[in-house]
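Structures given as structure tokens follow.
There are two complexes below, and they share subunit A, which is joined by subunit B in the first and by subunit C in the second.
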Partner chain A sequence: MSIVFQRPHALIDKPLHYCPGCTHGIIHRLVAEVLDELGIEGTTVGVASVGCTYNSYEYFNCDMVQAAHGRAPAVATGIRRSLPDRTVFTYQGDGDLAAIGTAEIVHAATRGEKITTIFVNNAIYGMTSGQMAPTTLIGQVTTTTPFGRKPELHGYPVRVCEMLSTLEGAVYVERVAVNNVQNIRKAKAAIKRAFQVQQAGLGFSIVEVLSICPTNWGLSPEKALEWLGENMIEHYPLGNYKNVVLPSDKPASKE
Partner chain B sequence: MGEKILMKGNEVIAEAALRAGCRHYFGYPITPQTEVAHYMARKMEEIGGTFVQAESEVAAINMVYGAASAGVRAMTSSSSPGISLKQEGISYAAGAELPIVVIDIVRAGPGLGGILPAQCDYFQMVKGGGHGDYHNIVLAPQGVQEMYELVVDAFNLADKYRNPVVVMGDGYMGQMMEAVEFRDVEKIERPEKPWAACGSEMKREHNTITSIYIDPDVLEAHVNHMNEKYKVIEQNESRVDVQNCDGADVIVAAYGTCARVTKNVIKDAAKLGIKVGLIRPITLWPFPKQAFEKYATTPRGFLTVEMSMGQMIEDVRLALNGKNTVEFYGRTGGNVPAQKAILEKVIKIARGEGGND
Partner chain C sequence: MAKVTFRIERCKGCRLCLTVCPKKIIAIDESTLNAKGYHPAGVTEPEKCIGCAFCATMCPDCVITVER
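The block that comes next holds the complex of A and B.
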């Protein structure tokens, strides 16, 4: 008998601390599978941020650095500039990346830092118990928008991929979701390509992953996956926002 | 003797860092230290090092955090308001036990304050500044030559103790030109960094750099470990320049530019038959308590001179522990205590007519 499915080596065999139904586990696994498939676990340094994934260094088997809230892209810049032959990624949530860390992500992107950002957008602050995130949808109830997010009071949700794709330094920008198997497979492909773009030295790459937070959304995991599909994707369209040709890409067939 | 070169303090800081093996500098412009960045931008490009003009002081200190995590020598420089912004990152570096070097060319505050020299960052650098139980090692040069030596030492101390080291000069030190001799470069110590997050190459367990310990007992053990380190640093690394203190009528405590002014006061006072001693802390942390303890009871009184409203004076008082009086003379806002004004104060104390106004 041959093994056809097993835990990726880059993912440590340890129970995750995330809430039941949380999709961080899936996204961790996708990143770890990519590290395995590209054979870069031993040459990669990951940067954990602040939020539910503050201790993602306990799950990834590569070297990890824990960063202050929002500062992961700056920390990753320091690492990558010091280790030009290594692969560096940040793993950040929406509060970390799109609120307190807006300056850091924008400037890492526009400098074209050769890093990869995995940006997990679940439209809420999870760790601190369900406050409004910069990505919280209009009308969405959170502990700091108890009557729903109102534009006149709380402004509008930030579309990170659309914003970053205007910057020359950001060369690969894609939004994916992990609400069904088909989308999970697409997410994996996008994450892999983002790392390959970095390895090719082409510039900054980011994959925004639409994710769920059953606990703070007040929904069962199943209902939360449905809510993502029915509400989030409309405001945050999936797809590629910016792409670049990789040396490994097959030349387009002539019609 | 090597060649002496006339150079600006800020440029000497950059040159010293390069000679100490620093190839990664991250900065953000702020007066009066920006020449460090100018020098680094040019040199790093020439030698293939890293110079990044960050989007903010916050980002710059976090880039240093990342570079130090990766195991290289890294530095940032700023001035007082910029240092306030860096405090978060300094606290994280202290907690994660990262060897980083921070230069503070102090200007007058609070707030945006002014751009002229001051020493009013003593509290924020020596007493913490950021959150949590930690200490920076703080070095205070009195001129451009010592600036060179202390910047080189800063990298060695940071690596030796895995701790942030601050070199704190005032705006004069950054802006003035003096003769400097780049000596002693052979004493650079480069310890192995098996803890660095630089890629495991699948040859070891993965390394983690972190300052978070959710379990209270684990965090307490970590802070206790840091505290043990601080005790060793206090025992081994305190430095002080003691001049003319045996049998002195008055002892002045001053560092940096104020110490230089005081050296002239020593000569002026001698002409009047008053013996003035100087205790010049070179390390502000660890504070050289022993020098103060040694001379605690011998002069008629102590005088602390600072370019602030009195910050180091608290450490002088603690070191003397009530064994003698400590008076204060300071100027602020970018002004420097005048030789004559210090002399007048010294005369009063020597005659037993002291007492702060």
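The block that comes next holds the complex of A and C.
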């Protein structure tokens, strides 16, 4: 017998501080598996953000930097421009990327910075105990929207992938989810392609991962995954929003 | 022949592995507590395991190693 599944080398062997059932653990592992498969653990610099992922520099085996709230794309820009031979990624949540960091992500994308962003969207502020986020769904109950999010009072949820895909500098934009095994495999393929786009020097790449927050949604992890599948995907359709041809892509058949 | 190994001291008892097991052979061991105070998951009928690694793919905490 041979080992067919084990902890990737790029993920440090220590307990994660996330709540039971939090899918950040899955997404961390997917990123680490991609770093392993591409063999770039030693030449990658990750940028940790603020939110539940503030501690992600403790978990990745590559070099990591901690950015101020929302500023990870700006920090990543500096690193990538000063060290052009490195692979640079940011790992951000929706409170970090879609609220306080909206300006940074939009401008990093429109400048076509050669960085990769892993955007974890769980439709709520997790670390600060469940306030409404820009990505909170209409009608969703949070601690600051106890009667549900109302558009006339709180506005509408932000669709980051749709927004960034209109920018010329963003060349690879995809939304995935981690609510079942099939989607987890697709998520890994998307993350891998995003890193390959960066390595090919083609421009800005982002993968939005729909995630759960069982603790602040007030659901068991199992029910939270069902809620994601039934509600979030409807508002945040999965799929590729912008793609680019990689040198490694097989040419399309002429039929 | 397949074998899954659960590192129970890392398990947080979230039950996500139970939901994806096609053979439904994973269960929470209510008689055990790990150092973190969770009831860990484990395999009840190891001989039925097909080594699909669905449980390990779904596990957020890298508890499970799969051999096949």
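By our rule, the second predicted complex is superposed on the first by the 254 of 255 C-alpha atoms of A that agree within 3 Å, B and C clash if a C-alpha of one lies under 4 Å from a C-alpha of the other, contacts with A are read in each partner's own complex, and residues count from 1 in each chain.
Here is the rule we use: contacts are C-beta pairs under 8 Å (C-beta built on N, C-alpha and C of every residue); 3 or more make two chains touch, one makes a residue touch a chain.
Everything numeric here is computed off the predicted structure, so don't read it as measured data.
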*Would you sort A:103 into first (subunit B), second (subunit C), both or neither based on which partner it touches?*
first
*Of the two partner chains, subunit B (first) and subunit C (second), which one does A:153 touch, if any: first, second, both, or neither?*
neither
*Now for A:1: first (subunit B), second (subunit C), both, or neither, which partner does it touch?*
second
*Which chain, subunit B or subunit C, is in touch with more residues of subunit A?*
B
*Is A:221 contacted by the first partner subunit B, the second partner subunit C, both or neither?*
second
*Between subunit B and subunit C, which residues of subunit A are contacted by each of them?*
none
_subunit C - residues contacting subunit A, complex_ = 1-3, 10, 12-16, 18-20, 36, 38, 51, 53-54, 56-62, 64-68
*Once bound in the complex, which stretches of subunit A touch subunit C?*
1-7, 11, 15-16, 18-26, 29, 180-181, 184-185, 214, 220-222, 225
_Interface residues, subunit B side, partner subunit A - complex_ = 24, 26, 50, 52, 54-56, 58-60, 62-72, 74, 88-89, 92, 96, 197-203, 206-212, 214
*Which residues of subunit A touch subunit B in the complex?*
41-45, 47-48, 54-55, 57-58, 60-68, 71, 74-83, 86, 103-104, 106-107, 111
